[in-house]
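Same chain, two partners: subunit A is paired with subunit B first, then with subunit C.
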Partner chain A sequence: MQPGVLDVNLKMRSFLAAAMVSALAFAPASAQDTSKQGGTLVVSLPGGTPRSLNPAVQSGVATGFPGTQLFTAPLRYDEDWTPQPYLAKSWEVSKDGLKITLNLQENATFHDGKPITSEDVAFSVEVIKEYHPFKSMFEPVTSVDTPDEHTAVLNLSRPHPALMLAMSGQLMPIIPKHIYGDGQDPKSHPRNNQDVVGSGPFKLVEFKPGEHVILERYEGYWEEGLPYLDRIVARIINDSSARAIALQNGEIQMSTFENEPTILSRLKDVEGLTLTTDGYGGVGPIDWLAMNTTRGPLQDVKVRQAIAYAIDKNFMLKALLRGTATEARTGIHPDSPFYNPDVNTYEFDLDKANALLDEAGYPMKDGNRFELNIELPGFPGYKPQTEYVKAALAKAGITVNVRSHPDFPSWAEAVGSMQFDLSFDSVYNWGDPVIGVNRTYLSSNIDKGVWSNTQGYSNARVDELLNMAATENDPEKRKALYKEFQEIVADEVPIYVTNAVPMHTIYSDKVGNPPLGIWASSSPYDKVYLKD
Partner chain B sequence: MHLLRTTAIRLFYAVILLMAVLLLNFTMMHLAPGDVADTIAQSMGGADEKVLARIRADYGLDQPFLVQLARYMGGVLSFDLGYSYYHNAPVTQLILQRLPATLLLVFTAQILALILGVILGVISARRPNGILSHFVTFFALFGYSAPVFWTGILLLIAFSLKIQWFPVSGMRDVTIVGGFWTHALDIARHMVLPTLTLSSIFLALYSRLSRATMMETLGSDYVRTAKAKGLTQRQVIYKHALKNALSPVITLAGLQFSAVVSGAVLVETVFAWPGLGTLAFESILVRDTPTILGILFFSALMVIIGNLLTDFALRLVDPRLRARA
Partner chain C sequence: MSDETLHIPVEKARSPLAEAWEMFRQNHLAMVGLAILILIVLGAIFGPLIYPTDPYEMVWAPFSPPGQEGFLLGTDYLGRDILSQLLNGARVTLIIGLAAAFVTVAIGITVGALAGFYGGAIEEALMRFTEFFQVLPTLLFSMVIVSLFGASLPMITFAIGVVSWTAVARITRAEFLRIREMDYVMASRASGAPGMRLMFTVILPNSLPPIIVQSALMVGSAILFEAGLSFLGLTDPNIVSWGQIIGSNRQYILEAGYTVTIPGLAIFVTVLAISLVGDGLNDALNPKLRKR
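This part shows the complex of A and B:
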């Protein structure tokens, strides 16, 4: 389907199998390039005011941007999903997959000058395991050994390939034990937002909620000559039209996680600005229509398939989303090396939809078969899709009542407690499928609040495949398991996946080396620079 | 003494009203489905059941409604507005950080709207059927009927994009270095568009009202007397008529003060003005009850203070009120 998928897959071969990665392979030839040095980059902070600047206790992209500048992580990723050395200059996965040894940079220091040691890595794992909302990331990590200052060994109870992606900055910041280990609750620690002692390429100058986060080059950063920028000013502009104007007149030079079709099509042709969807595979946001498989007619797979046939995905992509979004077919993001596009696509076919509904035992009476509710989320972006589904399903004799919610909590209450029939939603992969995909499909995760398996979907083979893939260290075998999984869920449609959320990075021509790796703005900006 | 007593009685009613506002809103927020734990989970890209339960336990959201209410009201009575679950900070601190920006915007906009409104009203009252009068009417009604965020975006497109005179958003340019005056000038530049947007709604009201009262006053007996004794039109209007015509306008301005504060919510959001409005907008979306209630509390205070100021202003322009006191 997409260009580049093939070579991405080839590179995947080295993904986990690579037992040793030499730091030499990563010698930054351009690090001493003084022409790139200096300047203040002004960006907009994605997602509004972050609750916390410490990604160990707060997930999400609003924290991800400042968090990954302030704190380093064992690994980093570029656009091809291959792990790169970062704080870990090399690493080793034992043959049985139960030990991961990280060899740390020797001259790395926190922003207060204290050295970053394996103790801090062990402490960070402990805090994340306890306080981070994504429990599946570090659940198999039983302990962390610290044989010396620069070696940390993660001991696992079972092979856990998902850990590789979890060791990136968005999910595994290295935080100082001498600050956060003082006995205060790490969730509400006063140093999460003020006087942050970080470990990353930039240090905190000022965080004003509702206004900005200002970051400054950390002079003691271990990599000579980096970061290039002197300062980053991340402004909080909640109104998307105002953001668009600020991009146009150069007041901000880059904005990430922009996904409003009207704004995107307006900025598409502006001279001096580049729009790209590159860089969102790691976060992996997908839009879909969720169907509650435990209620009424939706229990019948034929009804769910009929709904999929009755919806013209092409119309949604071209007219409603104005061509800004890529099609998606399964719960795994299309940019992921595990994505399998060869599944049932449900090409728009109203006759087939009607036939399936007849077969399922819901004959048409006066143009009507049965009624369903659709929940309209209280967050922006789903009104056109929801109204379209109402109109589209009416043609197949399904009367859809739209129940609109004023805000996120009231929608989350309805969907999270499975009191719904249909609802659009967007769910993020967050790196490895184990973190963001399993939660939607595993039968053990039914009815556990919003963004769990609220569809009530249960299939023993799917459970088995996902659990096998979670502990399979061989990337090829793992890929095959996810391939079969995606075929099954596409056939049984507990969710009808429509598209990758059209997340875009918009940047000015003046920005060199914009963050187009798989984590978008949740990745270190040490190599971002300003052109003259 | 009379003045003090009226003020005291007013303040007493104000406190009762304030408590009622808080009680009502607390109950309403509680009745709405879902809570802040959901939005915290949303901001984190999802959280498992145990994490949600822990958030609710941490903030006492798992307690019965009456316990939560008693805790909150007890806090308020001892001048503690509580802790923002979402923003991880004490509510009073959050609000005090944002209050100056809102006060600056709201008062400047209100004063600008008043002065401009009265001037335009008087000008058009002098020739009620002149071209200028029609122009003022059209312009004022346009400002009044256009949605405030739309006016804001329109001004942005005109003066930040097409002619790049003013910055798009925020209150200051953090890349600027300089002394006090450099920064004051920078804030003034950032203020122009939000102030214009916010005052555009009220300009219409004030100019229409001052036009009407001015026309009425100009037709009254004492104005005819003043003219008869040979005063110039300028003297008649500014020395005699204006003071009389002004008091209904000031009364209206006092009544409109609450509308200015609520208008600020939208204006601040469009211009990313770091005031209470942006905080209110963010907090409502995430269902952060203590912060929303805290903002209501402070807005009510602002309205009360605004009304008291109106009373004093009325006394200034109308000697009869002073005599009664």
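This part shows the complex of A and C:
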């Protein structure tokens, strides 16, 4: 194979006549669905340049999009949170919940033609367990048995219902043992970004950091007739206004993880474009105001409640986020089946806030009670909220000093080392609460860097509930456990959750089957097609 | 006529300052600029006292257009009073402008004077040093300083000053080169005046006119510089400056253009006034343009 030569040829043709060429090539092959076959889909790559294309060692939505096209996972999820067969054509969970058997597709191959076997599944689990940042995903998996080539059995030390979601999307890519098992560090393996041998519906043509990732239909994909698209060009456009313009003039046909209110309101009425918030339940991004419960007045729960009362969530939703976002009340995303909306909501009430602060022993002196710092995140989008909190808390006599951070690492250092009072933050659920929610509340996860329990929050009952829910296989019982958990953390407000991040998928009318499942663009695009 | 002595009209000797003022006064544009500038300075000093609304307080619904509901210049995206922000911001903006110009002039004069006075290797070294700063992209360099050391008011002032002193240094050096060969300097040197004294009491006062003009213009460009940095978000979020008002409202430019137009106009008018005054000073202080 000479990817370079092939690449140049394809490039020249595809931009000019991709539709025509592909129509000719595939029209006879699938007679009844000619309109779905072929074409080049141009999208924007969410989250900028991915650090790695291998989701086994790298989290984040930038890796998620190319990663899920390049690598298959055992399962996929539909919009109703129901698991569907993918690489595993069927699966069984043993009664005690300690064994999960996956029956793999028999004709599935890697992009170099070698068959995908249970050995590769076992190897992938091993790599993910060791190198993926989400340790809780596969932590209870003790071993993977491979009774035959197409059967893999995951043995668990305890029931672990979160594993079902962790076997889908970008969380469990099946990577080739014959490539990554060569002894090199998988985290920095050279084949993570170049000459990737994947297992998914699309193979890598070219990855140019800062420019694009180009993917091409894998002819040897196990499911006949799929994927529909010939090619996906994922352009890396870091500026949101530039993406909006590209969408408007049809340069790109779809963009995911768009959440800037001004951009959304600008594109809302453009003809030929659809905006939707569907598809982000699994990723579960929420915005919140984190409060460091180990410092100064914030140690007092009354002070934290007073802050929640002094902040007008409606104002934030309507004026700052312009109605693009939905309200969230707990650390679990509102689209999750475990979400419990019946918790203390802290309706805006300045008198109550002032009364609570008086009660807590911080009387008003010359219009001032005490001072707090708020860290302004080094990533864009939280300036209005931060300035709002400064103005809103001033009315309750709390002087808030804004500390701005020039970049992400500087902010992450301040919050990650718990050297902060208040800060807005945006944290993702990543499917099951065990993966993305426990880390924020478990007392065993205090002070483990950014996006851990940086609030220093510790409550024995919360620990107990979360640990019980993590091993409870009965969905109804789990739900009840999470319900109580959400009531407690809403009362004690170590974080004041404001809203679901208004993540939107924006797509042109030409795109069929846009990714509206629970993983948004971190799901396979094998069934996405272009309409004529 | 016989009892009268011969009357030769002798012009009364006037101080150079008065003479310059005379020249300045004849420049109408410069006078207009000065008037505007005085108004702005008065507004900055007394404005917040006369109009005590807190610039951070949310006083009304967001995006209330100018003139309605009793808010002369409307409210911003959080419902804060823009007039109050403008008045309070004027202080910060002017202080940054003046302080940064002061830093510029201090560095510039020191480097230029040493280079021009001593010549030789010292001059070589200092001028190469100046050139090094001259070729640095100024906005980028100041962005680096501010992001590295934090966006506090003194750091922003320092960052602006440290990237824009080169022009002053070059002008000072040129003046020193010219003046140090003049007779009165020779005379002073011959009578044993030490180097420092020669530099700062003999040569410097005589080389001041072009430096004054340059520093006046510096104030204007420092204000623009600060606005640029604030626009990019490199600003102390706990102070209001005009650039910062523009920066935080720029997202809403399409639906509430006035939130950025008003502070923008304020910057424009101020910088224009400073330029006009600088121009007038140039005319007034440049001996070649003087009517003799």
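Quick note on the criterion: the second predicted complex is superposed on the first by the 500 of 532 C-alpha atoms of A that agree within 3 Å, B and C clash if a C-alpha of one lies under 4 Å from a C-alpha of the other, contacts with A are read in each partner's own complex, and residues count from 1 in each chain.
To be clear about the criterion, a residue touches a chain if its C-beta (ideal position, glycine included) is under 8 Å from a C-beta of that chain, and two chains touch if they have at least 3 such contacts.
Because the structure is a prediction, the values reported are computed rather than measured.
Enquirer: Touch check for A:K448: first (subunit B), second (subunit C), both, or neither?
Expert: It touches subunit B, and subunit C stays clear.
Enquirer: Considering only touches as defined above, state whether A:T49 meets subunit B (first), subunit C (second), both or neither.
Expert: In the superposition, A:T49 contacts subunit B only.
Enquirer: Which partner does A:D407 reach: the first (subunit B), the second (subunit C), both, or neither?
Expert: In the superposition, A:D407 touches subunit B and subunit C alike.
Enquirer: Contacts for A:K390 in the overlay, against subunit B (first) and subunit C (second): which applies, first, second, both or neither?
Expert: A:K390: touches subunit C, not subunit B.
Enquirer: Quick one: classify A:N354 as touching subunit B (first), subunit C (second), both or neither.
Expert: neither
Enquirer: Check the contacts made with subunit A and report whether subunit B or subunit C touches more of its residues.
Expert: More residues of subunit A are touched by B.
Enquirer: Is A:N103 touching the first partner subunit B, the second partner subunit C, both, or neither of them?
Expert: Neither partner.
Enquirer: Considering only touches as defined above, state whether A:A246 meets subunit B (first), subunit C (second), both or neither.
Expert: Only subunit B; A:A246 stays clear of subunit C.
Enquirer: Shared contact residues on subunit A, subunit B side and subunit C side combined as an intersection?
Expert: Residues 406-407 of subunit A touch both subunit B and subunit C.
Enquirer: Sort out for me which residues of subunit A touch subunit C in the complex.
Expert: 262, 266, 319-320, 376, 383-384, 386-388, 390-392, 394-395, 401-404, 406-407
Enquirer: Would you pull the subunit B residues touching subunit A in the complex into a rising list?
Expert: It is residues 32-36, 38-52, 58, 86-89, 94, 97-98, 149, 153, 156-157, 160-161, 164, 167-171, 174-175, 269-272, 274, 278-279, 281-282, 284-287 of subunit B that touch subunit A.
Enquirer: Can you tell me which positions in subunit C touch subunit A when the two form their complex?
Expert: 54, 56-58, 62, 77-80, 146-148, 151, 233-238, 248, 251-252, 254
Enquirer: With touch defined as at the start, can you tell me which subunit A residues reach subunit B in the complex?
Expert: 40, 42, 47-49, 51-52, 58-62, 133-135, 187-188, 192-193, 206, 208-212, 214, 231, 233, 235-239, 241-242, 245-246, 248-249, 251, 406-414, 416, 427-428, 430, 436, 439, 448-452
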